[in-house]
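Please read through the structure below; I'll follow up with questions.
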Amino acid sequence: MSGTLSPPPSSPAPPPEPPEGVTRAAEEASFYHEAALNAAWTGVRLAIGGLSFGFGCFVFAYFYLRSLNSHGMWHPAGFKGPQPWAGALIMALVVVSALLQYLGLTRIKGGHKRPWQLAALAALALGLAAVGLQVWELLNLRFQPGSAGFASVFTGATPVFLIIVLGALIWLETLIMRARAVPAISFVEQPPTYAEAFAVQRFQAGLSAFTVLWNYLAVIAIVFWVLFYVTA
Amino acid sequence: MTVELQPGKPQEPGGRVPGGRQPEPGPPRSPRAWWRRPAVHTGVAGAVLGYLLGHLLGNFIAHGYSQVQNSGQNDYAIVLGYVLGTVGWLAGLGVFNDLLRQLAGRPVHAAEEAGDSSSGLARYFRYSLDHKVVGLQYLVGMIGYFLTGGLLAMAIRTELLSPSTHVFSSAAYTEIVGEHGTMMMMMLSSIILGPLGNYLMPLMIGSKRMAFPRIEALSFWLTPAAYLILLSGLMFGGFPFGWTGYAPLSVEATQGADAYAVAFGVMGISLILLGFNIIVTIVCYRAPGMRWSRLPIFVWAILTTSFLMVLAAPVLVGGMYMMITDRTVQTAFFTSDLGGSSYLWENLFWFFGHPEVYILALPGFGIVCEILPVFCRKPLFGYRIAAAGMVGVTLLSFFVWQHHLFDSGINPDMRPVFMLTTELISIPTGFIFLVALGTFWKAKIRFSVPMLFALGFYFNFLIGGISGVFLSDVPADTTEHGTFFVMAHFHYTIMGGLVFAFMGGLYYWLPKMMGIELNQKLGKIHFWTMFVFFNSTFLPLFAVGMAGQPRRVYTYARSLETLNDWVSISAFLLGGSILVFVINFVWSTVIARVPAPGNPWRSRGLEWQIPSPPPPGNFTVVPVVLSGPYEYGVAGAPPVADLDPPLGVISRDSLGDAAEQVEV
Amino acid sequence: MTAAPTAVPAAGTGREPNHGLRIVAIWLPIALAADLLIWFVWGPHLPPGDLSNSAASQQSDLTVMAVLAAPVMAFVLVFAGYALVVWRHREGDDEDGPPIHGNTRVSVAWIAITSALVLSLAVFGTAELVNPAGAGAGEGNTPIWKPGGGAPLQVQVIAQQWRFTYRYPQFGGFESTTLMLPVGQNVQFNVTSLDVIHSFWAYQLGVKADANPDVDNVAYTRPLHTGAVTVRCAELCGLWHADMTTAGRVVTVAAFRGWATATRTQLAPLTKNLPPFTLTYDPNAVAQLGKAFQKAGLSGAGGQYYGPQYPVQP
Amino acid sequence: MSLAARVATLIVAVFAVAGGAIFAVAHYLLGGPPTVDFAAGPSGQVSVVMQTDASSSPAAVPDHPTWVSYFIRAPATGRWIHTTLFQVPAHTRVNVTIFGYDGSTPVRNQYWGQVTGTVGGVAHYGGKPVQTVNGWNGPYLVQHTFAIPGLNLNVPVEAGPATCTAGPCTGNAHSTTTFSFETPAQPGAYRWQCFVPCGLSYLDGNGGPMQTIGYMTGNMQVAS
């Protein structure tokens, strides 16, 4: 009868010898530790999938309204769009921030914690500058939010981007704070305990995941820049 | 040492006692008085504060705007009040505490510790990180939302008793219809993933935990906020546009529309978070030996549903956001005078709206496929086909949304394509029937209550599915679109499908989740009344629709009064049947509390191999899965899992082959 | 689908009856009887009747689909019913059932049959959509499936909260709340809306086209008989959605001409005030309306919703 | 928890939920403006007097004082009631007088500038008969229409000389639109509405008062 509580295998082969020094707790801890690392890897990619659909909804609105061009009001003649310099600067700030952070990542992969910390701080500052500039731009719009199809999409999409960027920057900030607790030597050689090794690895997994997200957002920044400032 | 995107094995430096804890566990928590610890009451306080703050802020910003002064309604204040109220609610519940700790660089308590930080009944009123607590919170929440929606349905049928004598005004009727539709479609999107998915999925994949318990708990605690915001729309005169919120009607509507948009948006975020956590958990936290080919079919169902949620709900949130900006800062997404288009809303809404339909169907498929083998005492027929069917439905559901818009004038030349994709989706849906019929073949069918509900599901879904094929055909749809025919169709798939499956799942799994048996006699009464009155309610509505009654009308042709009265009376009896369920549920879980045997259905499911209700941490040891869950009648089939595997076989590398090592 | 049960190898004793054969034997007469009933008895009475060619095409569509659906439903129900009776659990039998994990032939047959059904339905539906000029459904502003044979009678349907009005541009462009159509002549409905989304649903004509603001949505039909037409709104449009009805008529050509000429004369003072016939009537496009809005101080777009700072070009 | 405690909690919860539901239904769904009942006068006719106001005093209309609104004069007391629901006997001639205290708003569809369904097919603006009004150019401008689609009744209401913003208004600066119609033999609710999009600051003027019973739309209840 197979449906009842499962007994141990009826005629088990002698279990393989457990590796030297491994205990049950250690085994499970490392099992779930690895699962957590994988979860960071999987999660950020899934999040990018979801975010793409979220941004995609604005990109769809952009091209849909542009192709419909109701009453010629997509981008009517004489319509003064957002400040081009501000757009370019916001995009550049995010992209440079992502590049810096990425460079920092290569350094910390090479075992150098300090350069990453500096790069991350700079990336954080640049990102915050981009957010601030975007807020300034929205507060000083040169058009009414509904004065054209383009104006609607711009006024609608940029705050969403801004909020997501802000969320990513909060993540970066927590990473910077976490890194302070990790001794620099841990990035060079193995820490002496499981707990510390796990902490370092989790930090690294989080950092890798963040980098993927931040680079993705830089790409989005470029896409939005092209949509709103170049081809509008 | 390098940072890899997907790290390999952890290092095993010797010497110290290893453990998964944080390096510096925070200072031990001093047990504070209950009223000083975050729970529902602090959440309510935060919500009230947040709402007031948002309202004041909105009034401060916009009180001078001409549209606010002329209309006398300040949508800024309402929207900001709702949003900050939600944030305050979450803050009061302590959702942001760990985030703030991290921002300050302080250590965060491990999830499992936080989950144990309160026990007893109180933890169900807290931001608990235990997936079993969240599952039960969801269960109670979803039943509450469902009953609210059901009461609104009773109100609808009361009004439709007569075409000329009105209980409600036309305005109140439209409000009720909108609230009912939105409550059922939006709040109950997670009726299965929330309670059963969160509670059971880790047990079924052999995991001790979820990937992101904070996200999981957050996804639940957003739902009461969405629920209250949605209902609060009634205070502002409701919203007159049903659950579909077509612009420009939704843009010109009064403040009730803000409640709709914010509530739907908040619920959309909850869906994204719910699905996100479930996907990552299924992908990363399966027990050793739990290969994809051994995954219980229910887990396949919630995996595919979660993908729909994570990918489709962002579009919904974006659409709701656009509606809010159109209503507050006066963007013109949906106003054609200023370069917008009402078609944009229809596209965005249905791009979410159609996957949403499958969000409401797939988990039902999963439950019935899970129940059938147990009560047929046979392996599931065509396991791979069932899984493939669900994946197929998931993929196709992103390519059918315009079948809601066949008459709208959008892309008329694309209609044959959408007709084709829509009809194609009936192929993978048909797989679920193939699986059922194959499983019936030479089975030993036991008519227990869960099985009855599963059979009811198949009967209802057959009618729902076939009527869906009628709707997919453009010429036939021309008559059926926007009528009670459509209404009957989707009630057959959702109420007759999903809710029957949910009830079946509840009777099946509640002994597992609460260790309490639901009264089987009341269960049978519940099933038979629900089955009979459900069909008696909705079958005539196909005829009503074909006879020309449009949806969402408070009055109708006199010639249809008899049919409508029949339907209304059946609907009240159906409501009585739900009352039987409520009585059974409350009686069994609150008053009688008859302990259930460990595995009352003699199921092979992994979740049934551990005590009920599962202990904290689910499994004493990470189990090693040895075979599939449906090997009924297979001579010499190994047990589904080794619950006490020898040391040294639990590792990520052994996901595939550890089992063989032990099996031999 | 008949292949499904027979293909499963019979397990167990040799006395085992041929279940597949039995199921088919029960199913076949039921399916046949259902199909005959549908085709000959029920089909001719299916909604929306045959007042117009589009309605007739929908009726035949419904009949064909019902004929295809009935055997499928019958098969599932007969199979399941047979299983529940024959293969139910007997008291005292604690054995599990036979371990059948699947059957490739059955599965392939099932998939092939459902795919064939579905694909043929899609082809049939497309043909039925193209053939009677869009089958009465709204085709947007650039219809690709048009009826042949001369210019159709043009009727503009103007939806507003909460009444339909109709304009007849070929008769001086008068506007009326009455829908009157001649029999035997192609009709082109130009459906538009002045405010929110409505749906023009002429039930007996089998015509349904959404009325979108600022969009011209075209639908064609050809009435085949004289008779009454009930128009309802099929898209929730606000407070009085349920009351948004028109009682229309299909009359003889002579009667229609008489009515149109008389109404044209009678409504001449009103027609003088109407804007010239256009396919949509938004305040930006209709100059007089834009001026009137300006004069009333409503210079902002969206009826002053957007405030005066927004551009409108009257 | 003990059984008694559980049962007690349960009972309290049931009462709380039921109480909340009953309150919500009664307060938000069944509430509505009052109905003014008109009986036939000695001549067998009914006299209905209404007024339209650009906005109202908060005392009279606490919910939405900024909305444009109708008021109906109660026949017995002569007080202005803030409602759009009134009841008249079947098969009776109704003489309607509408005092227009609102400025002009263009009709969206000129069709509604036509008087239909009244006795004689005319309405009177200050005593002068009108049949078709050009609501865009004049000479007469309109502010609202009084339309009962079920009776094919439509009367454009003349714009007033001034805009009164504190309804119900009593001054003399108003237009007067009068007309008569026959109520049908069939009892029941006949909705009436305004076809002029006059909900200021709602998209296209169609929201708010246009969609709310008690302001620009309501029911004429025909009693048997």
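For clarity, chains are labelled A, B, C and D in written order, and residue numbers in each chain start from 1.
The criterion applied here is as follows: a residue touches a chain if its C-beta (ideal position, glycine included) is under 8 Å from a C-beta of that chain, and two chains touch if they have at least 3 such contacts.
Note that the structure is predicted; figures quoted are calculated from it, not measured.
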item	value
Chain whose Cα mean lies nearest the overall Cα mean	B
Centroid spacing, where centroids are CA-atom means, of chain A and chain D in whole angstrom	56
Length of the line joining the C-alpha centres of chain A and chain B, rounded to whole Å	27
Gap in Å, rounded to a whole number, between the CA centres of chain C and chain B	31
Chain A and chain C: spacing of chain centres that average the CA atoms, whole Å	46
Chain B residues counted as touching two or more neighbouring chains	66-67, 70, 170-171, 240, 248, 252, 330, 332, 335-338, 343, 377, 631-634
Chain D: positions in contact with at least two other chains	191, 200-204, 206, 211-213
Touching two or more other chains - residues of chain A	1-3, 70-71, 76, 144, 146-147
Chain contact graph, described as a line, ring, star, complete graph or other shape	other
Touch relationships between chains, expressed as pairs	A-B, A-C, B-C, B-D, C-D
Residue numbers on chain C that touch chain D, as the complex places them	158, 160-163, 165, 175, 177, 194-196, 213, 238-240, 243, 267, 269-270, 273-275, 281, 288-289, 291-293, 295-296, 298, 302-305
In the complex with chain C, residue positions of chain D that touch it	103-106, 108-111, 113-114, 131-132, 134-137, 147, 149-150, 152, 191, 193, 195, 197, 200-206, 210-213, 217
Touching residues on chain B, where the partner in the complex is chain A	1-7, 9-24, 99, 102-105, 107, 207-209, 211-212, 272, 276, 279-281, 283-285, 288, 310-315, 317-319, 321-322, 325-326, 329-333, 335-341, 343-344, 347-348, 351, 374, 377, 598-599, 601-604, 609, 621-622, 626, 631-634, 637-644, 646-652, 661-664
Of all residues in chain A, those that touch chain B in their complex	1-9, 12-13, 15-19, 21-39, 41-43, 46-47, 49-51, 53-54, 56-58, 60-61, 64-65, 68-71, 73-76, 105, 108-109, 111, 144-153, 155-156, 160, 170, 173-174, 177-178, 180-181, 187-201, 204-205, 207-208, 212
Complex contact set, residues of chain B against chain D	66-73, 121, 151, 155, 164, 166-172, 175-176, 231, 234-235, 237, 240, 248, 251-254, 335, 586, 590-591
